[in-house]
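Should a chain be cited, it is by its letter among A, B, C and D, assigned in written order, with residues numbered from 1 in that chain.
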Amino acid sequence: MCGIVGIYNHAEASNLAYLCLYAMQHRGQESGGIVTSEDGTFHQYREMGLINDIFTRDVLTKLPGNIAIGHVRYSTSGDSSLKNAYPFVIKYAHGWLAVAHNGNLTNYKKLRSELEKEGSIFQATVDSEVVMHLLAKGGAAPLEERLIKALQRIKGSYSFVFLYEDGLIAARDPKGFRPLVIGELQHNGQKTHVVVSETCALDLIGAKLVREIEPGEIVILEKGTVRNIKPFTPAKKRAQCIFEYIYFARPDSNVFGRDVYVMRTGFGRALAREHPVKADIVVPVPDSGVPAAIGYSEESGIPFQMGLIRNHYVGRTFIEPKKEIRHFGVKIKLNPVRGVLEGKRVVCVDDSIVRGTTSQKIVKMLKDSGAKEVHMRISAPPTVWPCFYGIDTPTREELIASSKSVEEIREFIGADSLAYLSQESLYWFEKTSPREWFCDACFTGDYPEELDDMPEIEKMAKKTS
Amino acid sequence: MCGIVGIYNHAEASNLAYLCLYAMQHRGQESGGIVTSEDGTFHQYREMGLINDIFTRDVLTKLPGNIAIGHVRYSTSGDSSLKNAYPFVIKYAHGWLAVAHNGNLTNYKKLRSELEKEGSIFQATVDSEVVMHLLAKGGAAPLEERLIKALQRIKGSYSFVFLYEDGLIAARDPKGFRPLVIGELQHNGQKTHVVVSETCALDLIGAKLVREIEPGEIVILEKGTVRNIKPFTPAKKRAQCIFEYIYFARPDSNVFGRDVYVMRTGFGRALAREHPVKADIVVPVPDSGVPAAIGYSEESGIPFQMGLIRNHYVGRTFIEPKKEIRHFGVKIKLNPVRGVLEGKRVVCVDDSIVRGTTSQKIVKMLKDSGAKEVHMRISAPPTVWPCFYGIDTPTREELIASSKSVEEIREFIGADSLAYLSQESLYWFEKTSPREWFCDACFTGDYPEELDDMPEIEKMAKKTS
Amino acid sequence: MCGIVGIYNHAEASNLAYLCLYAMQHRGQESGGIVTSEDGTFHQYREMGLINDIFTRDVLTKLPGNIAIGHVRYSTSGDSSLKNAYPFVIKYAHGWLAVAHNGNLTNYKKLRSELEKEGSIFQATVDSEVVMHLLAKGGAAPLEERLIKALQRIKGSYSFVFLYEDGLIAARDPKGFRPLVIGELQHNGQKTHVVVSETCALDLIGAKLVREIEPGEIVILEKGTVRNIKPFTPAKKRAQCIFEYIYFARPDSNVFGRDVYVMRTGFGRALAREHPVKADIVVPVPDSGVPAAIGYSEESGIPFQMGLIRNHYVGRTFIEPKKEIRHFGVKIKLNPVRGVLEGKRVVCVDDSIVRGTTSQKIVKMLKDSGAKEVHMRISAPPTVWPCFYGIDTPTREELIASSKSVEEIREFIGADSLAYLSQESLYWFEKTSPREWFCDACFTGDYPEELDDMPEIEKMAKKTS
Amino acid sequence: MCGIVGIYNHAEASNLAYLCLYAMQHRGQESGGIVTSEDGTFHQYREMGLINDIFTRDVLTKLPGNIAIGHVRYSTSGDSSLKNAYPFVIKYAHGWLAVAHNGNLTNYKKLRSELEKEGSIFQATVDSEVVMHLLAKGGAAPLEERLIKALQRIKGSYSFVFLYEDGLIAARDPKGFRPLVIGELQHNGQKTHVVVSETCALDLIGAKLVREIEPGEIVILEKGTVRNIKPFTPAKKRAQCIFEYIYFARPDSNVFGRDVYVMRTGFGRALAREHPVKADIVVPVPDSGVPAAIGYSEESGIPFQMGLIRNHYVGRTFIEPKKEIRHFGVKIKLNPVRGVLEGKRVVCVDDSIVRGTTSQKIVKMLKDSGAKEVHMRISAPPTVWPCFYGIDTPTREELIASSKSVEEIREFIGADSLAYLSQESLYWFEKTSPREWFCDACFTGDYPEELDDMPEIEKMAKKTS
């Protein structure tokens, strides 16, 4: 889970990158960084923490230059260190080079092992480091050529933004797992190009969306011109991440050509049609469950109420109280509104159930606040398989739906009823965006890209699906 | 604007105080502090910033003791310094004493000037310092007696929690401007008393609401017993702050005996009845406008949509971009959802208009995203008069409604229509909570408590109202 | 132990105050602070830590104004908090007032108790707070009058610098316990007055020493003029702190009219005359023992060698290693030079023995490095009585010389011989500075100023001496 | 300029490494770091700043394992960043590997360029990165073999400590430019090996010096045994850095088999014999000039006095005062003692003159304090050539002695006389340590190791010498 940005041709490139990262903070709260090129001289700053805290005015002042790339990152605990913060910067035979990456390479370990055998050394444990090595191995060939060759060797999902001494390159994997768009900004009669993961970042800086970078496309911004290469590899079937719609992207973004908010209300309406229930109110699990709950309410006619209030001051450093204080579960984030819930039959809408423990606490909280019945409705199919294309999910063992039936899960979470959106209903929008264009491996185990580093998972999934 | 807490009789008193302050962070984000008494020895920590950042495990470990009081504070810029952070602690003839205060004394300057003439020195510029001086002037009399005398001299709004070497005292002003409740927690067979500004803090620590501390009541927790004195001054007409319902309190709190969320949806329903409009969607200005918008939608039958998305990562330190980057107004907090707004007639519900500039930007943002019409609906009457009882409002000159008519404001903000809730409709709940019990001076100029420090405002308001 | 500074009439007053505090850092490493007056408006910054770390360029920029006072402070652990950091600032009937104080009031508790009985409240536990209260009690009288009255009530040692809205006042107690001098700086044709504890601070900023502020003198800098009042109380016998010469002041300062370095080499020469010994080298305990060792070497003809090297990187935060690592005593600060010590008879010169444990470790260290004999020579008489006039000493029980004879101490520290400078020899300089002008209560128990807060110590000392 | 440490077989390895780095802080104050191996798992922490500030108890707790290496670093401004902080850690085909390095490779750029041409990427700009690449290129061969090959390709000065998953390796360049010793510590019946740059670090942790690691020797600590390989390359003439004796090492260390303090007093005595002068006192420029001044005093019989006092609180962050305050040169570090200097003919002893500006200020300061004559004596020959073997010196142009005669320098600094130690006298100790064993290129231009990256300097030096 990451958000990336590239700014080409703006006197305040680092400041714009900062704003774009801020708008995409939801895509990664662990670390952030910006690298700029000032006439070929690189300046960089990377830090653990939130964009707001990392980039003070002082720091931004030290990032001059009119080309910039930036990154916000989330990662699993083991790899969480400044060393692995992005953008990743190297010096090689062709000068300085930096990269920001959203996605996950599925043959990283394999390539790394091959490179190590050839004598390469690694200083971080991020998968882009292999891309950098591959780019360096290409001899004296131009960057474009070396890049195409490197991309042909890697597998998995990637939206890349590269910064080199003379320009900026954006590239998206041939299946288009992760979003990447290009926008424009007019400023003092000059045109600035902006590449970002999500359109909400364009909105913030007042840039106009031009178009998606296409799957398998490379866009080169150099010497004031925009060139593109596409496809850099034989065209493949798309595999856009359906989870960007369900949970990950901001509702005010336009992803893969469609408004996320609209997709989510659509999931809610489909859910209401597929799994109706007699109830008094529809209550979302905020914030991500809100649009689906609105959709459910619209379709069912059951009134929508914010029966759970989210505390937005939760930070990274919250101190868990001592054992002497009774365990309070999700209360630190969510608090019920008794006056809304008391005596009511509640449809509670959430976007997914991962381990089941949070849902269990939410059901209990609703009932403790007087809800007569709690009907849990999930605006997606059961999450059964881990993602290897850039969404941080627990192992298969930890995913409750991989070992329990819907009825067993219902019992575990203590709801009066539980229903998931079916695969069929998930694609309510099929007429406009073909179902074949999406990766839904987390629901189906149908992994569209080989998992070289995870052969046993791939085997198991193939057997099952 | 402040939130206060007192914990009596719990081995983890500072930890519980921390959790309560965290739940009341919305009442003050400038500074926070906790003071504990460990068998008569005081420990304290106060810092600028958010509760989450101030109280690390290390800091909490250094706050032992089974009685604690705490404070979160917001203040106007001039007074914003650690020196003025609360709780305020002194040593005097009777030992150590600390106080946390929510409210504002309206004769602070007058009393201070009198005290200075008598030779008192002041080290902070917070109004509770005069209360401390008054408490110290009472000679050898018991704390209760000195407290009653002191409270009889001060005017304005106050909910106090005092910590002294042997116990804890809570007191609420005779008109009950600010909320203050008492709750209980059972723990290892022992009873802990908890005094807080808002019930959402009780919810977080699993405490049960016992009752409001009544206007003009003093509650004394000492030697394991609870005593109260009421009223400590001839009973007066209540003047509960209506703005706690409209904007200030958390929607999941119960304030002055009623659920805030329910009050707000009520305002929205009343607004729909009073100011209906033909429209396609109802869109709140999040987060505070959400319940009223839900109410408006319910009553009008116009679908509720989250057409504006709030970015919750905005922190205190956000760096305004340079002038070279075009001014982006409220975009840093709010972003429109084009797919929801495009081609729609929008009812936009907010809780108040202060200077009008934010509303102006919101209307423009909605229209830029394709809204065909924007009908602004405010879930309260126009804010015409500044508050002197603890809500931070700009001066009268800055309040747009003090000099412009509704039509002029509409024109200024660029809406197709604008309507405020009337005084009549505001009290839709009158049958259960008498209208006379509330202070609505911000709308009416009818200040229920003398403004000794602001004679010219008082005079002007009397003339007008 | 404190250092104070006052700057009058310089556009960069806070910057000069900073430099002076930096030069006097040895007088207090716990906290530091500066308060400035910019046309009557006060600006202040106080922090725990070293001057270097506290005052960044940002902080100094926020301290405009052409009058400033500053303070560095050391204190016993109990009182060590930001609350007690100096300068101490109040607001009272006559406006703003700040004070920096070097010394210790011996009737502080008594006065405080009296003030508390009259209804005064205290927020810190520093003794100047009583002075502020006394100044505030004087009604409408001019500051000078109120100050004289206040000073007549307090006992003990004090060098004060007060900052008020219109100017700066320096005052020194009638017995002159602590040093205080006034200097001048020419700058852009203007004269700046500088008041500091030690002349080394004048040297740093290029100011010229004018003279000592005399015991019992008040100097008033206001409206561009210098006035003085002297004495403000019937003249008393001087009681200048002899320990400033022995240990406390910087060797490059001129204190009480004499160069500290010269005094120290004098102590060393007297020590050599009084307690000669056959030895190969004279080795100081650095840094404070260096001048006395040089004197000892000069007088005795025994070569001076730096046989112990001091590590100057020791900071406040040094982490003591775990028990698993063998205890290394003073090694963290001092390391012996084997090539110098091996096979040698060593005269080791130090300025005092407090508890004896450090000397014990030094003797062991010298012997472990091959010293054949270690003759400890102390450049002062045995420290038998605690100081109540501003030097931080342990209690009488902890002072090894209060319960052990010289021979017993020698045995305890493991030296081959041990000798202290006698009272007679201490005053080798008597012809130029009369012996009667000094306080040597730490050696004699002859406390020159009443100890109202310590009646039992006073009684015991009188009996003994 | 760096200090390095390796600890083998101690439960508190990181704590011991911390103490050793603390003792060697004078070898590098810019950044510090420690890497530990806990059964093959690496833990690391590197930070800008002083050891004291970097390593808190928390940080040390996160560095478990019984093998550790550490580093303190000084560098020229351009390269000063966390990225370049040491120890340098990589992952390669053989697992994890870390290195700490004292010295400077003179063919770094050449090797780097070759490696880049082969496709290697670089992430830092420190010279050890090329060593790591060379180690990785050696295929499947054992570490020892690959190390020998790598060391055979690099030129310049190096004392290395490597940490790998199973053990620790120390290596010293064939000419022995930089010091490196091995010591032992008995602890709970177990033996701990300690490798450090300077013996003062052994002293602090109570370890016993075993011996120097010899030039061209590799020491391998693995599986509880100590093995060594020597020489790993045909034996070469030694080139021990004479500047370690003159200035760089701590006086309480034993370097290249001799006590530094003794060497320095020897330089002073030789200086007195070679350049006597009629004078009243000998005054060192503290701290580094102290032992030489003591030697000068001993030999000449002129009394030694600390006429300049050093302020040890100078930190990295000292704020230069504004221009409005007159420039105060070296005063921030040094202050004269008027009582010592007044009317005296002063021999001022320093260890070197680099640009001449500091000496100029010192002479002025001494004269301003009343010195009648100032005779500057330098305890080394003129510094004419820059060092490329690990001492940070300015360029040849900035070295005053490269363009000015002694008489011209004397005039520039304003001294009454100036004399340097001659090359002959420098080697007063020749009988015990052959002169041929030392590198004195900074004085002679006789660079003992090829400067591949600096061909023009090498050429110029050859012409001159």
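Keep this in mind: contacts are C-beta pairs under 8 Å (C-beta built on N, C-alpha and C of every residue); 3 or more make two chains touch, one makes a residue touch a chain.
This is a predicted model, so every value here is computed, not measured.
A.B. asks: When contacts are scored as defined above, which chain pair ends up with more C-beta pairs, C-D or B-C?
C.D. replies: Between B-C and C-D, contacts are more numerous in C-D.
A.B. asks: Nearest whole angstrom, what separates the Cα centre of chain A from the Cα centre of chain C?
C.D. replies: Between these chains, centre-to-centre, one finds 62 Å.
A.B. asks: Just the number, please: Cα centre separation of chain C and chain D in whole Å.
C.D. replies: 37
A.B. asks: Taking each chain's centre as the mean of its CA atoms, how far is chain B from chain C in angstrom?
C.D. replies: Distance between chain centres: 49 Å.
A.B. asks: Where in chain B do residues touch at least two different other chains?
C.D. replies: none
A.B. asks: If we use the touch criterion from the header, which chain pairs count as touching?
C.D. replies: Applying the touch rule to all chain pairs gives A-B, A-D, B-C, C-D.
A.B. asks: Which of the residues in chain B end up touching chain A in this complex?
C.D. replies: Against chain A, chain B makes touches at 11-12, 15-16, 18-19, 22-23, 25-26, 50-53, 55-57, 60, 187-188, 200, 203-206, 250-252, 254, 258-259, 261-262, 265, 287, 290-291, 294, 297-298, 303-306, 309, 311-315, 317-319, 321-322, 324-326, 328, 331-332, 335-340.
A.B. asks: Going by the contact rule at the top, pick out the chain D residues touching chain A in the complex.
C.D. replies: Listed in rising order, the residues are 82, 89-93, 116-117, 119-123, 125, 132-133, 136-139.
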